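In structure tokens below, several structures.
There are two complexes below, and they share chain A, which is joined by chain B in the first and by chain C in the second.
Now for the complex of A and B:
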């Protein structure tokens, strides 16, 4: 902070700022590039356009959900019900589409319902002061159980023409990739430059200081969860429209994948730091690892192990960094 | 630190990859296999003494009208509507049977027990069932036997001594033969193929894969198994795994075997979206409704399962034969109308026969 610490050449300081500001993001990006080179050399088909498309497009919904999740975690909360909510909203969307409603209704309803449900979760967290992990654990059971009772496990088939937005392409790039890229950039810019974006960091970093500086924490938490619901709704639509059928069960372990993407992407599990660029890159990294395991003839079970290792490594690194700062 | 971890994980992955490459047909289990004859001759049956139950003081029902109730796991779904239709068809054909289907609207064992209990009280001659739980259903079925009622199961078994006979829809080696024969027919005797399964540890899938490996080695030795990937029971993961297989092997891949009713339609979708319909055959276990879009578009030619209408039909004939006394403990076969002579296996089970292959010609007749 003092002037004495300043005598560094300007160019190197810009680089250093980039590295210190986006250190985790750069590491993940390097890991993605390294992985693609290694596996691409092992089997050139890994780098084929069709495989890159399936890595990016097939997993974009995870990155989109991780944007909202990152905001929730940065605000000092967590949502373990995200996978169940995506499953429920996907079934809602498919049911409306099959039921003859206009397609835009089937696309918009999950987003609206996602916002409402998560605003409710946020209200319970903020005003009833129940820890978010407890509220969302309860939500997880309600959604999972409710979905099975309502649908009895029957799949949704016979989806109307034009519903499959995730299979659409714009300039040759699949729609899910557009959603992922545009939403990530927009959210990252907004988090950095808007007043509310900085509020999210403030309430996660130091709630007491945030309150002292006049931030209305309760309202902000409800808003963060509601925004998260918006991203979950979009993720659910992408998830629902990927195939010709919608499975009416909750996708297994999806919440774990989404949370892992946020945390490995550099969002501190203790709140207050991280970016949505990191979580999107981490989601791409997992997708690339998942695909490379098949190319390297490795059991998919290793993906879980690798995810676990990465999450441990990142959290340890995060704690070490905080320790050093103190 | 992160890079080191990643390098370590990748290294581990590469090592285990090499280890996997040496084993045969990953995803199968280590239990002994019993591949069927290539030409479809029924397997020799290891004789096992009758282990079913028998009704107490059952009246002589030979040739007399029977009042039969069918209590499936649940009613109102396509699958059990189909078994119910088979039962009604057989009853109409036999002429001396009144059969009705009644049961819970959810697959709930407690409700199923009270349905059976009520029908015991109201007095029926025979009960057909598909158990929601093999153990929990046993006491009420034994109560029916003790009341002199003939009891025959189908689709989902109970403990053997709680019923007289059970109509078994398919044995592992039968499914395996149908899958591999269909694959060889569609993609050629020397095709390379991959398997999409749920997980390597799911018992049914592991058994089928082991039996398929044994049958392929015996009857289609030039088929080349590439690898097995896991996709749990997850639609989107199944699709991604199948797509990655297509990307990995390119034109080398000629067939995909789907081992679950989730993996098979997702694999068909992957082949469709990759524009490989016709050059990659998808053969798999699945229900007809999930596969109709792909079968109608000629992307999938064979869906292997059993015919639930035949299953109900066979169960009804077995119950009639038991009531008539023509099917007794120790019998080796039983006549089942248009299905012909069905084989007795495992002591007190009747094998429905070879699995049913749904094709473009017949899939429209099924709704489940």
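Now for the complex of A and C:
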């Protein structure tokens, strides 16, 4: 059949470009809307402002961490230590806040430390040539074990006035939602239009070709991990400030939630493709599903199974779509 | 052939020296470390991780990974309890079915990976959530207790003075070592990891080998679940959480390349013993459990770093 090999028709509307360029993102957006309508009709309280706030604001930190994770995965690497790092940085932030340091220090320190730690991880990956899954597996142990050893699991309480940035609002919208939206749009624009953004896609898509075209792969990988550390630092501050206490344990399975948001959002684990808009939408979708199960009176114990099925369905659909394109 | 073997032996030699050094240091820290009773007990504690690590070695040698093993372990443990207590099946049958469910879970992984060409990391990440979710949904946070006494022989009893499960681990280590090192199946496993396309063109049944390996991974996770339940006398849905990371650490520490094509069962065995010795020795020396996790993470990174530095000198 020659029709199968025919080039894409030259006439393409804006809508078609949108569909072809952001297929995965649109599917997830449609899923979120459909879910909200169906569950909202079944139980109107689902669409109440307080529930929507808890869905969006309470999970924004996952979406923010998934932005950095998406960049790491697009560059052909992975970070399984992200949950532990968020836990450690949140405790660092809280400890500084309680210790009488200025509040801006408590907010800035996790971001700086996040950048430094992940730049170190990136250096081990790029220069020592240890696969990123091995380095971050080791980091996971070090950070998790170190956190519990140092804090002995004690909670941090008595946080100072004005520290809880995640509970602030601007124009009636919770601060975490602002962070999520602004950072997602900025990162998506930057990934698409800056030279370094395209470099990330290039080293993930074909490292040899990237090297041949003059990209310094080692430096770029360190930079990608450092940028990821920046997003992890912000995620940690949002996580630390959303409650009145900070638990000094690592949120269980947080790394899997973040990686899953990236992958379901359309980032190919093989590297080279995907956008951070998709990962943010996927993080919202997961939160909405978790919340809707409660409103549908489904036992919360089935939540993970539903999530697992959803991930599997998304991945299989994605693979099927890709094979059709080829 | 010997030239091809040299890099493996080099990594394992480094690891072995590290192990001996660790044993000496740890023995100096506590009188109780080098007692037969302690060593045997440590063998008991490492059996579940060890069983899963054997299959994981095959998986990683093919260039794949199986993140779902901890969840399979949890699912099989829950189903063992459900089959026996809620469905009233005889316990031996329930044990067999639980292991079988593990095999089916592994088979599903293998089919997703081979038929749909989903990368193993993603496929097993999805089934990690799915299988753990099924375990949580089925159990509804109820635990199952009250197993008959004979059942505890598997996890708490001895055979000829050695913990029962250590015999199983020893036997399966031998089997895995022979299969990977001396059979056509083992050579196919290395060939897939070294260059899958080349393996396919030279007539290796790539998909069938992979499906068999992921199924085996599920089966041993099911077996580990039965032993785990027998050892701790109870069934809970969070059993085996995080096991995948311990297992992968042992395998990678043992010199198996995460990119595939390289690795041995002996290496995995040394990696496993080193981790358990560190955990136990540091605990006896007064380091809290969480401190030992830090050491294991450091050892993992440093061992691979050292191995990379040495192998680069070969040029």
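Here is the rule we use: the second predicted complex is superposed on the first by the 301 of 326 C-alpha atoms of A that agree within 3 Å, B and C clash if a C-alpha of one lies under 4 Å from a C-alpha of the other, contacts with A are read in each partner's own complex, and residues count from 1 in each chain.
Operating definition for what follows: contacts are C-beta pairs under 8 Å (C-beta built on N, C-alpha and C of every residue); 3 or more make two chains touch, one makes a residue touch a chain.
Bear in mind that the values here come from a model prediction, so they are computed numbers and not experimental data.
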So, A:123: does it touch chain B (first), chain C (second), both, or neither?
-> neither
Which holds for A:105: it touches chain B only (first), chain C only (second), both, or neither?
-> neither
First (chain B), second (chain C), both or neither touched by A:311 | second
If you stack the two complexes on chain A, which partner ends up touching A:31: first (chain B), second (chain C), both, or neither?
-> first
Once the shared chain is lined up, is A:138 touching chain B (first), chain C (second), both, or neither of them?
-> second
Considering only touches as defined above, state whether A:177 meets chain B (first), chain C (second), both or neither.
-> neither
Does the superposition put A:302 against chain B (first), chain C (second), both, or neither?
-> both
Partner chain(s) touched by A:217 [first = chain B, second = chain C, both, neither] = neither
For chain A, give the residues common to its interface with chain B and its interface with chain C.
-> 252, 299, 301-302, 305-306, 309, 316
Interface with chain A, chain C side, in the complex: residues 65, 112, 116-119, 121-123, 125-134, 136-137, 139-141, 237, 241, 245, 248-249, 252, 258-259, 288, 290-298, 300-301, 304-305, 308
The residues of chain A that touch chain B in their complex are 27, 30-31, 34-35, 38, 43, 45-46, 48, 50-51, 54, 58-59, 152, 154-155, 157, 167, 239, 242-247, 249, 251-252, 290-291, 293-302, 305-306, 309-310, 313-314, 316-317
Sites on chain A touched by chain C in the complex = 78, 80, 124, 128-131, 133-135, 137-149, 252, 256, 259-260, 263, 269-270, 299, 301-309, 311-312, 315-316, 319-320, 323
Residues of chain B that touch chain A when the two form their complex | 1-3, 5-6, 8-10, 12-14, 16-17, 20-21, 26, 77, 106, 200, 227, 229-237, 239-241, 243-250, 262, 265-266, 269, 273-274, 289-290, 292-293
